[in-house]
Amino acid sequence: MTGHDAPPTHGLSTGPATSLAYHTGTWRTERPVYVELSPPCSLACPSGEDIRGWLGSTQEGAPGFEAAWRRLVSANPFPAVMGRICYHPCQASCNRGELDEEVGINAVERFLGDTALAEGWELPAPTTETGRRVLVVGSGPAGLSAAYQLRMLGHSVLVREAAGEPGGMMRYGIPAYRLPREVLAQEISRIERTGVVIECEAPVTDLDAAQREFDAVVLTMGAGVAHHVDIPAGAASKIVDAIDVLRDVASGRPPLVGRRVAVYGGGNTAMDAARTARRLGAQDAVVVYRRTQEQMPAHPTELQDAIGEGVRVQWLSTISQVEGQTLTIERMELDEEGRPHGTGEFEELDADTVMLAVGQDADLTLLENVPDIHVSDGVVQVDPTTLMTGRDGVFAAGDVSPGSRTATYAIGRGARAAKAVDAYLAARVIPAEPAPREATYDRMTSWYYSDAPKQHRGELEAARRVTGFEEVLTGLDAEHAVFEARRCMSCGSCFECDNCFGMCPDDAIRKLGPGMRYEIDYDYCKGCGICAEECPCGAIDMIPEVK
Amino acid sequence: MRQVRIHGRGGQGVVTAAEMLARAGFLAGHEAQAIPSFGSERTGAPVVAYCRFADGPLRTREPVLAPDVVLVTDPTLLGPVRPFEGLAPGGLVIVNTTTDAPTVRDAAGARDVDATVITVPATTITMTHLGKPKPAAAMLAAYAAAAEDITLDAVVQVFDARFPGAIGAANAAAAREAYSYVKAELAGPTHGLVAATGKEASDA
Amino acid sequence: MTTVHIPFLQTGTLAVGGRLLEDEERSVQSQADRPSSLTKGHRACQGCAEALAARWVMDTAVEAADDKLIVANATGCLEVFSTLYPESAWKPPWIHSVFANAAAVATGIAASLHAQGRDDIRVLAQGGDGGTVDIGLAAVSGMFERNDDVLYVCYDNQGYMNTGVQRSSATPTSARTATTPAVGCQPGAPVGQGKSMPKIAMAHEIPYVATATVADLRDLEHKVRTAMSIHGARYLHVLVPCPLGWGASSAESIRLSRAAVQSGIFPVIESRAGELTDVQPIRQRMDVEEYLRPQARFAHLFKPGGEDALDRWRAMAERNIRHYDLLGERS
Amino acid sequence: MREVLEGSQAVARTVARCRPGVVCAYPISPQTHIVEALSVMARTGELADCEYVNVESEFSAMSVAIGASAAGSRAYTATASQGLLYMSEAVFNAAGMGLPIVMTVANRAIGAPINIWNDHSDAMALRDSGWLQLYAADNQEAADLHVTAFAIAEELEIPAMVCMDGFVLTHATDVLELPTQEQIDAFLPGYEPKQVLDVLHPTTIGTMAGPESFTETKYLQHLRFLDAADVIQRWSDRFHDTFGREAGGLVARYDAHTFDRDREAPGANAEDIVVVAMGSVLGTLQAALPELRAEGIPVRLLGVSSFRPFPGGALRDALGDSRHVVVIDRALELGSGGVLTGCVGRALAGTRSRIHSVVAGLGGRPILEESLRDVIRRAHSRDLPTLEFMDLKAGGIPRPPVGATEVAR
């Protein structure tokens, strides 16, 4: 060389990966940010289950089942029960329904519940004992949910039940072909093993006394009293309350209902009553309902199941008179606002028994002399946040309080009451919950989800069903349950599909390892937005850089 | 220095002939140089090549302008390419033809040029042995017979080296026949195959 | 062409990875310690699919070659944005010579390695459509016909994007470019011009020809792996949307690739020795509009007078669907 | 061993003995015989451990050589004329990347009009390509130069063209002595690339340089060219010491009387006319000039062996006190004069030298000894213009005979 420096190699060769010196992050006008949104299933779940979470654990197969179940029972101690009787509003709102068919959440829940029973998994023991005592009045789903959650929080809980067996409507209102008694008993006794004490045939009659004995009281007496309508009826007519029939059957005293049964009403109890009538020997079970199918409160699956078992439905019909075995039915029509009105056209229907299923009322005798607890519309009025009644330290949840009368809702309200009681006992205020951001379908990139139809649970042949109270729906096996769980799109929550990591043109995303998700390297991220666009579950937001 | 010019047609092995001549000259103890003059012409077109022998270094790259020896491998070229042009006085012209020297001189318009003209039916001879109209070996053998620059052995040797085997042998046979032919004719001038000027006749 | 059998998972083979996958089922791109052969700090435009495809291709090739890969790169965006002295975004040994000669440089490297007895070191050449289909075609064709041991990868963004979006012979009909403006009676790139490089490659009857897009990583990785398992001349043609040149949002590069495939516009195929051996069927049929409309270069198709051009696009899609049986109607 | 060989054969055999790893071949006259000969040797095994690649163009020939060189092989190709221009982009590129490729250029004119014969306009067109250009005066030197060219190029990491006159040398047969395999193995070091595409030590070759670094890149390239003169001379000396004959170097000096090549020949005197030339015309000059000496014309001969780098210093040394130079030029800078003359003129700037540019031998026009003597005589009698077209025909280009067209008939 001529005394001048020359580069080590010619033609301006350079070392590998020296571009790291150039930070392309300065080009960015928008930045990707990982977010955790609420999936529509959970938002729709009255029990507040972390459905996406427990489906996620289930996806891992057998090693994940127990973790899935534990995530599930943290909100709902009755997965085997609810996996059978829940009307799963989660599925109705499932984003996967937009793609092919909704995820069979309920079936997976039942699978987990049954698996837990088979494996003998126990609910967790409380980690502390507060020494505070709480009385729960009633052992239906709201009561047991509240009792379980209170126990988990370390309180000592006594449940007093007026009936001979615990379970409330789960036991007395839902036929065994939908919920085998053994399953219910196992899940209740598992709650008892956490330390919850249930006393049966122990009606609470004195609230003041109860309050002296306990630090808080939760009222969950339910709505087990049949509502009555006035129908002109002859003496020879046999008119019974549907809820009583169901209770009698559940108590082992099946009534005689005759060959032809008419059920009056359009709710789930009407469906249960009609299907039960078939099982009790009725060859003809007719549901008489004054409105249309679209308007009926019964869950569509219940209706379908009933029809599948030979139940007939007479729409837009009211029973105007019962004389002996003859019912007079008036045809109805809907006005512009969808309300039924009589048309003056009549027909007759033969029925040995008429079952009334036109609603149920709460048993409020305990509150008759308690002026500071306000009852309105037949239910106990509560603070919508704390569920506390007008009386300090007395809370109410379930069918006795306002809201949807389903077991699922009751479980959610029971849990909420427990939380409120816990805050009350600690003199805390329940913090306001942030408004959830829903993971809507339009955020999703559904392309990435595998094509997969829903795994339908097997059903007993209709002919076999009506001959007994055998359970109609069978469960999923493990393989199918995992398959079904894997249909979950994990809406709004990263499930580590690696799309963002793999599809970043700028190599600007770091993968942190299993369960740890990813980290964006903002030194290099140019903000192109591909990660957000191609995130299957919509878990990345692009937000403007503040300059 | 001896300078040779070879006229022929594309495909007759003119360039090979020049190279073989240089090789033969080298074997004969000379410095040697062969310069083909190339065109973009194809088979059948007139081609010329040059060769030089010397006993000292050969440096010039000039084409041969004043040849001591001219080889014409195709009698039809005698008119068009003027093979006698630039010929050194008393030069040697060897023509592949079945005719005689006077005919050659007439055809080339060189009736009075001071030169020795030798004719040899090289193609006829070559066809007999090789079966192909590639008369280079026969022509070089005729040259060996007519002048001291190269030897018949050298001609046979260079062709055998370039074309080992049957082709080399056929070329050698053609060379020997052509050599004998020219030697015979040089020994007995009565056939008129060697037509010389007055000066040449006394040399012969 | 979902060739990796994977039990049903949330996202199957369509996503990059998935936490439920076994190690051996994982794509190269899903590995936390993937080679990242084209690493961060390069200066590609936001959303550049070529940068993405190049990393995908090369990472797979590097893995398949057991880290023994040498790359020759044609002039073009990929070269310019990755190697502005003194910085280089490449990790493997890499050379850029000129625009038209990547294939020939690769041939030289392969020849050298063979002469050195290093057939274990593999050679990959890459360029854009201009460097491959137009100016580099002779060198590519020569490399093909000699069956040189080179995998040539063309990143087709359908134009000369590096120089400011001019038409190449890979620019599709009616696309607006700086040299085919959207004016006149036949706006955009002329009808009846252009050529199919994969078909040209197939005509050479080389051991392996395939097309791929950035819409299907596993398919692309599979094809690179397949190509790397073969010696001789191999060709991979990858469609890479260019947000700048196509007039699309930087976030849409993958979506557009998907639309190109699902509409039938870009057939994803495999060929061996000139024979068509595999075709990726359409999974969710899309209309060509889903591909065309987001691209500003086709905006004039959706204005009055654009109907004929749009019909031509539909016809093109139909022809591909028929020719390649993209809906699986014949199989 | 002295033997009779065609120039192309001599080059091909010598190249083979330099043990290239990759040879690229594309036919173009008058280079073709070289790669033909190499292809035979590749088949017979004489060219061992070498990949012989039949490429589809000169552009790819150079490109394949680039790849091969960058991958660590000694790479070789040969071309001429249009082929050199066709590969020119890659030619510049190889130099810019410092890849020590050796290429034979069988010098030939550039069209149009198309012309396959010899002159120097092809290599001259690429004089600024960053390659060394070493010119052979005869076939012995053409063969020998390849040995030193590999050594020089590889030491400098600058590619080298060995230029030999097309047809005049490539197709001429001469008595030569080729370096043997053993001699070359002892003389030429093995190729040890300083930059290589190595999977164990990856590097990026061929980056883009912006305005902030391009000037410096070129400046350093320039400095390396300055270094090249010493390296060329050193290898030439070494060759001379080893083989006992001249090959290359910067300039060729000749004895004032015998015109034999003589490295010890003194510089010219003040009264001397010095003929400067390059390539095979030097041989013709060697043959032509003694006659002028005999006539009493004080003429000296000086050959340019290395055209790139241009050896200004060595040229001035050899010219000594002479200020009268006749350059025989086989390439024309239109509107100006010979290309070599321009370089000589720049080297002699400020010396008040009288420089004639004699453009000769374009497109294969034979350069005749008598014509050369004529221009020197005229230079001596001060009758030679600064720019002379040797043997220019009066009346311009011959025209087709009138009426000799199909249309006219």
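Order as written gives the chain letters A, B, C and D; numbering starts at 1 within each chain.
We take it that contacts are C-beta pairs under 8 Å (C-beta built on N, C-alpha and C of every residue); 3 or more make two chains touch, one makes a residue touch a chain.
If you're wondering where the values come from, they're calculated on a predicted model, not measured in any experiment.
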**Request:** Weigh C-D against B-D on C-beta contact pairs and write down the one with more.
**Result:** C-D
**Prompt:** Which chain lies the greatest distance away from subunit C when centres are computed from Cα atoms alone?
**Reply:** B
**Request:** Give me the ID of the chain with the smallest distance between its Cα centroid and the all-protein Cα centroid.
**Result:** C
**Message:** Just the number, please: Cα centre separation of subunit A and subunit B in whole Å.
**Reply:** 113
**Fill in**
subunit C to subunit D, mean C-alpha position gap in Å, rounds to 44
**Request:** Please report how many Å separate the Cα centroid of subunit B from that of subunit D, as a whole number.
**Result:** 35
**Message:** I'd like the Å distance between the centres of subunit A and subunit C, where a centre is the mean of that chain's Cα atoms.
**Reply:** 49
**Prompt:** So which bits of subunit D are touching at least two other chains?
**Reply:** 97, 202-207, 209, 213
**For subunit A, residues that touch 2 or more chains besides their own** = 12, 14-16, 18
**Prompt:** Residue numbers in subunit B touching 2 or more other chains?
**Reply:** none
**Asked** Can you name every chain pair that touches?
**Response** A-C, A-D, B-D, C-D
**Prompt:** Any idea which subunit B residues touch subunit D in the complex?
**Reply:** 15, 18-19, 22-23, 26, 31-38, 40, 58-63, 65
**Request:** Flag every residue of subunit D that touches subunit B in the complex, lowest number first.
**Result:** 2-4, 6, 29-30, 116-117, 138, 165, 167-169, 171-175, 280-281, 283-284, 286-288, 366-369
**Message:** If we count contacts the way the header does, which residues on subunit C are in touch with subunit A in the complex?
**Reply:** 8-12, 14-20, 27, 29-32, 36, 38-44, 46-49, 51-52, 55-56, 82-83, 85-94, 214, 217, 243, 249-255, 258, 283-284
**Touching residues on subunit D, where the partner in the complex is subunit A** = 96-99, 157, 194-195, 202-207, 209, 213, 217, 220-221, 223-224, 226-227
**Fill in**
Touching subunit C in the complex, subunit D uses residues 21-22, 24, 49-51, 53-57, 59-60, 62-73, 75, 89-90, 93-94, 97, 197-199, 202-210, 213
